[in-house]
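Below, each structure is written out as C-alpha cells.
In the two assemblies presented below, chain A is common to both, partnered first by chain B and then by chain C.
Showing the complex of A and B:
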C-alpha cells in the first residue's frame, strides 16, 4: 500500500488521472485560450477527392475576456479569394449561450448582424465547423476517459464525448489529448450510426512565446474524401490587442497594424 | 471631368502614395439580361448586354489609405463605351476619430432591399436589369467624419453636391407615365448638398442607432406646367428630412431587427401638392435565422403610412391612380449553400398586400474556381400598372453574370 502511494507521488502532475471532463477542459484551455490574446495569418486549403484546391486566407485575432473557458472575442479579415477580399467577421463568444456574430460586406459598405445558433455549420465552406474553430460548449457533452494511447510518439489520454441532447448531428467524438501539453493531437467524429466520418489531426506543433501551438492541422471528411488543410503563420501571443478593436468601426476599417 | 478632378485631388492629398503598401486588383465581367415577356420600348430584346473591366487600387501608409475603384464598360444597347469612378476616397484614421473624403458608398439601416433610413444614392436600374448586387449602390461624393468617444459612435456625412438615385431608363423599361404625350422634359437638380448623422452604440447586447438626414428625395417627382394642357414636364427632387432609429439583436434562435423613420416632406408638409410625396412613417421588422446547416432565412415586414392623406386625396387630379394611406409589404430571402459553399441558391420575394405589387428574384451562383464565378437569375415583376413593380410587369428578364477576378 505504501509503495503504491509513493508511486503515485512520483508520477508527474500532468499525467495524473484526470476525469474526461477535466481533460477536455484543459485541452480547450491549451488549444483555444492560450495567452491573453492571439494573432495568426490562416491559410486554408479546401481539397476535394480529385485533388482540386480552393484557398481561403485570413487574419485571425482573438482576445480572452476572462479566464480559460470564459468569454472571447474574435476578429477575422479575409485576403483570399478575391470575391471575399476585405470582408471581415467579428464574433463575441460566450460560454453556454449563442454567440453574437457580425459581418462586414465591403461591396455595399454594410455591417450586418448574422444568426449564429448553428455552430455545426461549416466555417467558410471548409471541413471545419464554427465549433471546431472556436470550441464546443463543454456542458453540451458528457466526457469519459476511454483509454491511453500514443500519437506520434506522445502519450495521450483518449476521451470520448457524447452529446447530451439528441439533436446533435454527430453521435460521439474521440479526442486524443496530449498528456504533457493538453493539445488535442487527434480527433475522430462518429455519426449517429457510429461510423467514423471526420478526422482531425494536429500535424505540426511549435512553441510560440512558451505556448505550444498547433500551426498545421487537417480536418478530413472520411465519407466524402474532402479535406481542409490549415497552416498558421505570423503566430503571436500577448500583443495587447485593445478591446476597442472588436467594434463596428474597425470591422469596417481594420487597423493595418493588426492585419498585416 | 468632375471625376478626373476628384481623382487628381485625391492623389494630391496623398503624397506618400509612391512609398505606400499598394494592392492592385479587379475583374473582367460579362453581363447579359434577356427579356422574357416583351421587347423593350426601344424594340431591343435585352435589358442589359455589356462587358466590363474593374480596376482597383488600394494603397495605405501609416494612418492614410487611398482606395480607387474604377470601371470601364462597353454597352451593346446603345450606350457604347462608358467609364465610371465607382469609389475613390482617402481615409485618415486617428485615435478616436477618422475621416473619409471622396466618392464613397454609404449604407444605413437594416433592410434587405427595403430602405427605411438608407437615404443614400442607389441605382434601381441595376437591380431590375440583373446586374450584380453591388451596383445597386451608387457612391456619394462626400466627407464622412467618424468620432468614437466611449459612450457612443458618431458618423457625420456631408455631401456638397446632391447625387440622385438612378431610375430605370424609359427606353429599356416600360415605366408608368401619366402624361405620355408631353415630350418636352427638363430636370432640375437641387443645386445644394445634403447631410446626415448616425449615432450608434450597444444597449444591453442590442445594436442601437439613431439617424438624421436633411436633403432631398433621391428619386425625382414630376410637375407639369399645366394640368389641362401640359406642354412641359419638370423633374425635380423634393426637399426631405428624415429622423429614424434601428435596433438589432439576438432573439431566440436568430437575429431580430427593427427600424423606423419619419419622412418629413419639407416642401409639402400639408400634403396639398400631389406632385410632391407626402410626409411618411416607415416601419420595418425582420427576423433572420438558420433552420439548418448552410441555409438561412430572412423574413421582413415593411409598412409605409402616408401623412396628410385626406389633403392628398383632395389635391389628386381626376384620373390619377391613388396610393393607399397604409402600404404593407412582406418579403422573404432564402439562401442555401451547397458543395462547400461554392454553389449558392437564393430567392428574394416581396409582395405588397395593399396594391398587389410583387418582385421575385431567384438566383443560382457558382464559383467555378477561386477566381471565376457565374450567376444565373431572373427578375419577375407584377402588380398594378402604376405600382413600383407592377409597371415593370412586361420587363421580366433572365440574366447571366460571369466574372473573372484578378
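Showing the complex of A and C:
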C-alpha cells in the first residue's frame, strides 16, 4: 500500500523533470556542441602520483556539421612537447559509427590514418579517453536520474549511465548535470568491479560569447593517483572556420590564422 | 645460566629446590607455558623472499625506486595455457574462446589491476591494415572464423614483442600476465583463477593445460608447506623421539618428561616470537624440530642418573642422593653445552639476513629455557620415577651391550691412534677437494619439489616462453629526453642483442622495440624499417603516436615520464642467482665497450636474489668464522685449557669438513638453509666433545691419579666412550631421529636441513668416540703434563 502511494507521488514528479537521457543529451549539447565552431589553446598537465609533470600543448579547433548530437570535425596542432611540435591530428566524429582519424608525422612527412577501434584508450597519454574528450554515444548507455545534489553551490541532476554492452572498461558513470546551464560539473566513473576509478571535475566555468564554457578541468585516476589538469585559453566561438581546413593538405601545413 | 650461578652464590640451589618441591616447580612451568600459549592465535607467516633483507637495504630501496619510476607491479600472477594436442596449438577458435572468457573473468576479479592485465585480449598491438595504423588490443574478441584466427596468427608471429612473451614459437603455449593491486591477497586471487579455469574445463572437452604461477602463488604454497612442517612434521618428530626415549629407558615418566621439556621450550619460544610480533619465516618454522632435538641434551642427565642409581648397592639405594650426584656430575658439561649451543645460535644475530637473525635469537632463547628446565623441571620429574621401575631397569654396567660396544670403539681409537688419525687425515684431504666444488646458489623455485605444481608450471613456462625469472637493466641518462636520442635508443637495442647471446636469457624488451615497431608499421610493414629512426624528433613523434592509443603502462613500464631513463626487461629461464650475475656482467661489459653518458644498473626480483645470494655467502663466512672462534673460546673456558680445547675441536672441524665435502661432490646448491645449518651445527655438535672431555678428565682425576693409578689412560678412554659415550650416542640418535622426519618434508630446504643434521649428529658422535681417544693418546704428553 505504502509503495503504491509512493509510486503515485513519483510519477507526476519525474514527468515534470528531465529524464536521465534528456539530461545527458542536453549536457552533451552544452558541453561539446556550443556554437557553430570553436577554438581554444589547450594546456594539459599530466601529473603522476609523485607530482612529476608532463605537458601537452595544442590548439584545438572544432566545427559542427549538423545539429547538437550530430557529426563534428576536430583539428588539433601540437606545440609541446618539443619533439612533437607541428604534429597535427584530425578527427571526423560520427554519431553511432567509428570516427575517422588522421595524424601528420612531420619527422617522416607523412599523414597516416589511425584506426579508432578503441574509444576508451587514452587521449595523448592523458587520463582523458577519446570518449571523455569528444563524447560517448548516448545510445550506448541507459541513463537514469539518481538524485539531485548541489555541486559548488549549484543545483545538479545526478544521472547514472550504464553501458548496454560490456565493451567499455567502466561499469557505470555518475554525471552531475548543472540544472541551469546543463554543463557536467562532476563525473564519477566506476569500473566493472563497482569501484570508483576516475573522477572528472569542471574547475572553472566562464561565459564566452554567451556560451558557458569549462575552461579548467581535471580528470583524476583514483586507482593510480595519476591526474590530468587541462586549461583552455584564447577560447572563441563562431569564427567561421571553413570546412576545407579539415583536409590532409592543411593537416600538413595548418593555416597560421587558425593556430596562433 | 646466570640465574643458576646466582642461586649458587646465595647458597640456594635450583636443583635442591626442585627435588624438594617438585609439584610446585611443575605447576609453575605449566602456568608459564599457558601464558605463552595464549600468544599462538596471533601467528602470521611471512613467505616473501624480499623480506630476507631489511627494508632499508640498498637493494630493496633501489628496487622500490625502480618499481615506482616505471610503474611496475610488485606481484604478478602468470596464467599459462598450453594446447599440445593439436598442431594449431592454442590458435584455434575453441581455445581462443576459452582464453577470452578466462581473461574476461580474471579482469572482473577484485584486487586484479585489470587495466594492466596482458594477454591476447588486452595486450597492445601496433599494426597497419590497408594504410590505417591500428594501436589497440591484439584480440578484442574471440575470433569467430578461421580467417580471423589466421589473422591473429600472423599478427602474433609478425610482432617480435609478442614472441616468447605471450606466444611460444611453436604456437602451443600462451600466457596471461595478471598484475595485482598493492595489498591484494595473491593467494585468494590465485584460488579464484583456479576456479575460473576449472569451470572452463568442466564446461568443455578442451585439450588445454592451465598453469598458474608467479611469486604470489609460490609464496602462498610456501606458507602452506611451512604450516604443514610445524603442524604435522614437528609432532611426528616428537612422536619418534618419544618412542626412542621409551625404548632406551623404558620409563613413561622419563619419556613424558623429555617431551614435556621440549614442549615447554617450544611453546615459550614460539609464544615469545609471536607475542613480540615477528612473523614465522622459513627458518623459524623449523624451530620446533630444533628445540626438540636440543632438548635431548637432557639425555645426559637421565643417562647418568640411571648409571648412578645402578651403582648404589641394592639396599642403600637413595633416589634423591642419585639425583644430587647426577646433577653434580653433569651440571658443568650440561651448562657449557647449553652455552655453546646458545652461542652458536646467537652468532646468527650478527648476520644480515633477517629470518636468520630471528631464528638465531629464537633458538638461543629456547636453549636457555631448556637448560633452566634441566636444572628444575627434570630433577623434579626424576623424583617421580618409581623405585621398583628403576631397580628393574638397573642392571650391571658391564652387561650393557651398547656401552660395551661403544667402549670397544673408544678403545680402538686409543689402541690404534695412528691408524685412526691417518684415516681421518685421508678423509680431510678428500673433503677439502669436495669442498672446493661447492657452489653457492639460492634458487627459490628449486625449494619446491620437482613434482610440485609450482615447479611443473615453472618448467613448462620456461620451456615454452622467454622465462619466468624477471630482471631489469635500468639505464639512467642525466637529462630529460635523453632516451629519445637515436644513439641512446640504438645503444639500448645493442644491449638487448648482447644480452640475448647469453643462454640463460630467453627474452628482452625495451622502449626501442616499440620505436622500431612503429617505424616499420608506418612504412607499410616493410622489414627494412625495423630499425631505430635517425632523429630524436622522429623517435619522439613515434612514441607520442604510440602513447595516443596505447595503455599508459605500456610506455611507463619501459621509460620514465621524462624520458631520461629506460628500463630494459630481461626474462631468464632459470631462477639461479648466477643468471642475473651473467646479465649484470654482460651489461657492464657492453657499457665498457660502448660508452654512453648514462649509468647502467641491474634491478628487479632476479637482481634481489643475486644480492641476497651474495649476502648468504658473506654471512656463511662471517657466521662460520664467528662460530669457530666462539666455540673454541667456550671449550677453552670449560676445560680451562687451550690445549684440550684444540684437541676437542678436531672431530668437530672434521665433521663439518666431511659434510661440506659431500655437499660439494653431490653438486647440491649451497643455499641459505645449509649455510645457516653449518654455522649452528658447530654449536650443537660441540656438545659431544664437551661431554667426552669433561667426563674423561673427571674420570682421570678420580681413578688415574697417584703412583699406581687404578686405570690406564686407554682404559679411562674406553670407559668414557662406554659411559658418557652412551649418553652421547643416545643424544645423537635422538637428534637424528627427530630430524630424519624433515627428510620427508615437502620443501627441499627442509629435506636438506634434515639430511644435514642427521649426518652431522651421527658423524660427530662417531668421530668424538673414536677420533678423540686417538688424539688424546697421540697428544698425551702435550695434554696430560698440564694436568
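Throughout what follows, the second predicted complex is superposed on the first by the 244 of 260 C-alpha atoms of A that agree within 3 Å, B and C clash if a C-alpha of one lies under 4 Å from a C-alpha of the other, contacts with A are read in each partner's own complex, and residues count from 1 in each chain.
Here, a contact is a pair of C-beta atoms (placed from the backbone, for glycine too) under 8 Å apart; a residue touches a chain by one contact, two chains touch by 3 or more.
Model, not experiment: these values are computed from the prediction.
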| item | value |
| --- | --- |
| Clash or fit, chain B versus chain C on superposed chain A | clash |
| Which of chain B and chain C A:98 touches, first, second, both or neither | first |
| Which superposed partner A:81 touches (first chain B, second chain C, both, neither) | both |
| Which superposed partner A:66 touches (first chain B, second chain C, both, neither) | neither |
| Partner chain in contact with A:152 - chain B first, chain C second, else both or neither | neither |
| Touching partner for A:225 - first (chain B), second (chain C), both, neither | neither |
| Which superposed partner A:54 touches (first chain B, second chain C, both, neither) | both |
| Contacts of A:122 with chain B and chain C, given as first, second, both or neither | both |
| First, second, both or neither for A:107, with chain B first and chain C second | both |
| Chain B versus chain C as contact partner of A:193, first or second or both or neither | second |
| Segment of chain C that clashes with chain B, given the candidates 134-142, 584-592 or 710-718 | 134-142 |
| Footprint overlap on chain A, comparing chain B with chain C | 46, 48, 54, 81-83, 107-108, 110, 112-115, 117-118, 121-122, 124-125, 169, 226 |
| For the chain A and chain C complex, residues of the former touching the latter | 46, 48, 50, 52, 54, 78, 81-84, 87, 89, 103, 105-108, 110, 112-115, 117-118, 121-125, 169, 191-193, 223-224, 226 |
| Chain B to chain A touching residues, read off their complex | 21, 25, 27, 60, 65, 91, 93, 98, 104-107, 110, 133-134, 136-137, 146, 148, 153, 200, 205, 207, 248-250, 253-255, 257, 288-290, 292-294, 296, 337, 340-342, 367, 369-371, 373, 403, 405-406 |
| Of all residues in chain A, those that touch chain B in their complex | 46, 48, 54-55, 80-83, 85, 98, 100, 107-110, 112-118, 120-122, 124-126, 169, 226, 244, 247-249, 253, 255-256 |
| Residue ranges of chain C in contact with chain A within the complex | 68, 71, 107-110, 113-115, 129, 131-137, 140, 181, 481, 484, 522, 533, 535-542, 544-545, 547-552, 555, 561-562 |
